[in-house]
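The structures come next, written out as structure tokens.
Both of the next two complexes hold chain A, though its partner changes from chain B to chain C.
On to the complex of A and B.
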């Protein structure tokens, strides 16, 4: 029974890993086609992918958008999460519902909305629309991970500081914020990875001038069939896995995602 | 009650919420405007977009999409449950981390890379066909790419991580003393699972099913690239109407109908599964 279950889990894990593993192997094919089994070993597609203009520009754009969108999200999200966790105020439930709603709405609908909105206010597809769309999409994840971190702060620390005469601003700055630091770092990394990978909404709101890496890759797959795309996928898979292992090691991915076993 | 800095803390978030609300309002507004061919500016108020949607061509895509989403959500649930159980219950911390990283990484890879990887797996000279032909099992490649089967398999793979997270969060909340009590009273492991663990994870199953459905509905690159035009979902229709025909009013109307449809389907799931949910809580 236990053995059968373990075997089943192993098979399922293999199913999850298989496409990524296949893409990595295909990247080393020397011929300009995707074929299995590969005939030989070559780095040429990595070279081509790293030198391909659209990928280079797309990468720079993605880093730019992810850095700005995740930083805005973490600043806005931490203030909002603090207010919603500690205070009660009119319209709180509405505000929270609106901020979490993008989780349940298809990315293509959000992308279409941002595009139409931009056209209505006379802003053609520039950076502000792209960044707004990313902030809207990433904020729910930031809020969720910050709620968890806020709940884990011992309220007595803040009470002690208050009772010793510190002003509220000083308590937040010298007690709450440092205690929240790991949560902020985790939420920021989480937001940056999600924004860096966002595709569908970006496809709607970016133009040739602002296209991000996932959009550039999508366009490449539609045009060409050589293994350059497999090479860039392999790099992407490697980078994301390393970032997640780091996030898990230092911040506890299970805690952020809420999959940790509470009671034993 | 003192609420220092309340206004400062919530105004930026309120501004983002307002931006989101305005974008959604823009979609709703466009859905009721007339499309003038050759013009980017829409015309006056009309119900024409929604009447157009009743045509078999479009109604068929909706029907197809709902079927694909439901099938994908159920399959992802079946595949996700053992993974979630193993993730929560693994005793060895390294095994636990490995399962977590493996099942969650695809979530962060984005749809394009995962879909591309599936093209390599399913293609005529791809992993499956290449391996089977090299082993001499088949002589000619089996068509997998541009088929429904291929789209469903890839969609399940894309949807699996969220479903695992939803299930694991629910399984993690189960009080294990209840399982121990059942075992102490003589129930075999399988019976403990079926009569205690499974019913108690019902909230996660409902959350997994609904999130899986909504997540699949949101998929765009997977049906677009793996379906290759032969399998179309609402997302593909919205995109092609917007960017090939520049018919943004109709694209907006399809989006609105899609939202209503998802909301109805999700409410339906919850209603249907409610009796089971109660079993889980009692």
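On to the complex of A and C.
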């Protein structure tokens, strides 16, 4: 019986991993076609992916957007999480629901909305609109991560600091923020990964001048059908995995995703 | 002019919605006194401590610390040292930085901070641990760091919120003695909150017994135990056998009562307005009862016993009087009175108290 379950889990895992695995393996095809299994072994498509101008620029853009968007999200998210955790106010539940809502709103809706909004104020397809869309997309995750981290801070720590004569501002800087540091770092990294991988909303809000890596990849695949797509996918997975491992070090992913709420 | 009280509460009341957590607490604490707020959970002792600390705001009444009105003063201006059950050490600072936190908040110069931190750590015998992180310390050590952190600022009041309840029993006793000694040496006025009556009795100059948001009695441990002023206090502190009885006569400060066919002299003050003939409850301590060979007493059968090493507790069923609890030297009790043995209970020298039933 247990054996059967194990087999089932293994099959399920294989099923989930299969598409990625197939893409990675296909990247080593020497011929300029995407084929599985590959007829040989070659690094040439990795070389092409790394040297291709649009990918290089797209990568730089993605890093730029991810860094700015997750930083903004962390700043907004930490303030909102603090307010939601420490104060009760009218409409608190509504605010909570609202901030967590984009989880249920399709990315293309957010992209489209941001685009319409930007056009209204004559800011069509510049960096601000790309960053805005990404902030809206990652904020719920950041918020949830920080909210849970805040909940896990012993309120007695802040009380002890206050009783020792520290004013509230000093307490936030010397006690709350340091205690929150792992949550901030983990939340930031997770936001960066989400932003880095974001495609749907980016497709709406980026232009030729601001296209991010996933959009560059999409544009590439519309014109070419060689395995450099597979190669860059493999690189993408590698990078994301490294970042996720780091994020997991700072604090469990379960906490970021809000599925678990244990201490430490 | 009377000396200034270290702490004075004047009719302090706190409500949470429809629930009154604290009813008009009045309290005067002298300089250097060790006062314990004792009671079961939900009795209002922690609410009272949080009001003194300033974590809660009183709905009515005034609080004075060192003669200064602090009722609306924020926590950080009250000049307190506080120790929590959870230690509440800052996890990202080493021991020395933790202890120096209050000094830095006060803008004490670095050199002075270093010497005062060293002195405080010496006081709690942790000088060797100054560079450690809280996580690297045992529970007892962490609590000593928390104590040093609270004392280093030379607070007007030291507030302790069940500081030892997370420690195991032996360590707890050790910490109690250590705290008491440090407190006596420094002469710091201390408000201690606990639900552990042993802790309260052994450490305090005076104990405030609380129940349902009221301070029922505030007095020395001897008086609290020997002359409880309220049935709750009599039942909560120590063990008591309660016998239903009747008031026979009042005679100034004393009164005669009858219970289980025996006569007792009790203090009159706890009887309120009860008139002769009124029903009363007579509270007897286990040490008021002892086995006798002959004379006035009650015949009974041992129905259970618990051996506790130095002593044993016997429960004796005495007919209409019900079950009485005796506390006897352990070895002798085990040898002489097994369960089922007959035992005659005497009350010579008993100092019971009685309350209107």
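The definition used in the following text is that the second predicted complex is superposed on the first by the 252 of 264 C-alpha atoms of A that agree within 3 Å, B and C clash if a C-alpha of one lies under 4 Å from a C-alpha of the other, contacts with A are read in each partner's own complex, and residues count from 1 in each chain.
Heads up, the rule we're going with is that contacts are C-beta pairs under 8 Å (C-beta built on N, C-alpha and C of every residue); 3 or more make two chains touch, one makes a residue touch a chain.
Here the structure is a predicted model, which means the values were calculated and not measured.
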| item | value |
| --- | --- |
| Combined model on chain A where chain B meets chain C, clash or fit | fit |
| First (chain B), second (chain C), both or neither touched by A:165 | second |
| Geometry of the superposed three-chain model: angle at chain A (Cα centres of chain B and chain C, steps of 10 degrees) | 100 |
| Touched partner set for A:136, first chain B, second chain C, both or neither | first |
| Dominant toucher of chain A (residue count), chain B or chain C | B |
| Touched partner set for A:178, first chain B, second chain C, both or neither | second |
| First, second, both or neither for A:157, with chain B first and chain C second | second |
| Chain B versus chain C as contact partner of A:66, first or second or both or neither | neither |
| Contacts of A:148 with chain B and chain C, given as first, second, both or neither | neither |
| Overlay on shared chain A, then closest C-alpha pair between chain B and chain C (Å) | 8 |
| Contacts on chain A seen with chain B and repeated with chain C across the two complexes | 168 |
| Touching residues (chain side chain A, partner chain C) in the complex | 154, 156-157, 159-168, 170, 174-175, 178-179, 181 |
| Parts of chain A lying in touch with chain B, wherever the complex brings them together | 1-2, 5-6, 8-9, 12-13, 15-20, 22-23, 26, 33-37, 75-77, 79-80, 82-84, 87-89, 95, 98-99, 101-102, 104-110, 112-117, 119-120, 132, 135-136, 139, 168-169, 172, 193-194, 197-200, 203-204, 214, 217-218, 221-222, 229-230, 233, 236-237, 240-241, 243-245, 248, 253-254, 257-264 |
| Chain A-facing residues of chain B, complex | 1-6, 8-10, 12-14, 16-17, 19-24, 26-27, 30, 40, 79, 82-84, 86-89, 96-97, 99-106, 108-114, 116-121, 123, 125-127, 129-131, 134, 157, 160, 165, 168-169, 172-173, 175-177, 189-190, 214, 217-218, 220-221, 225, 235, 238-239, 242, 248, 251-252, 255, 258-259, 262 |
| Residue ranges of chain C touching chain A (in the complex, touch as defined) | 53, 55, 74-82, 84, 86, 88-92, 101-102, 105-106, 146, 149-150, 153, 159 |
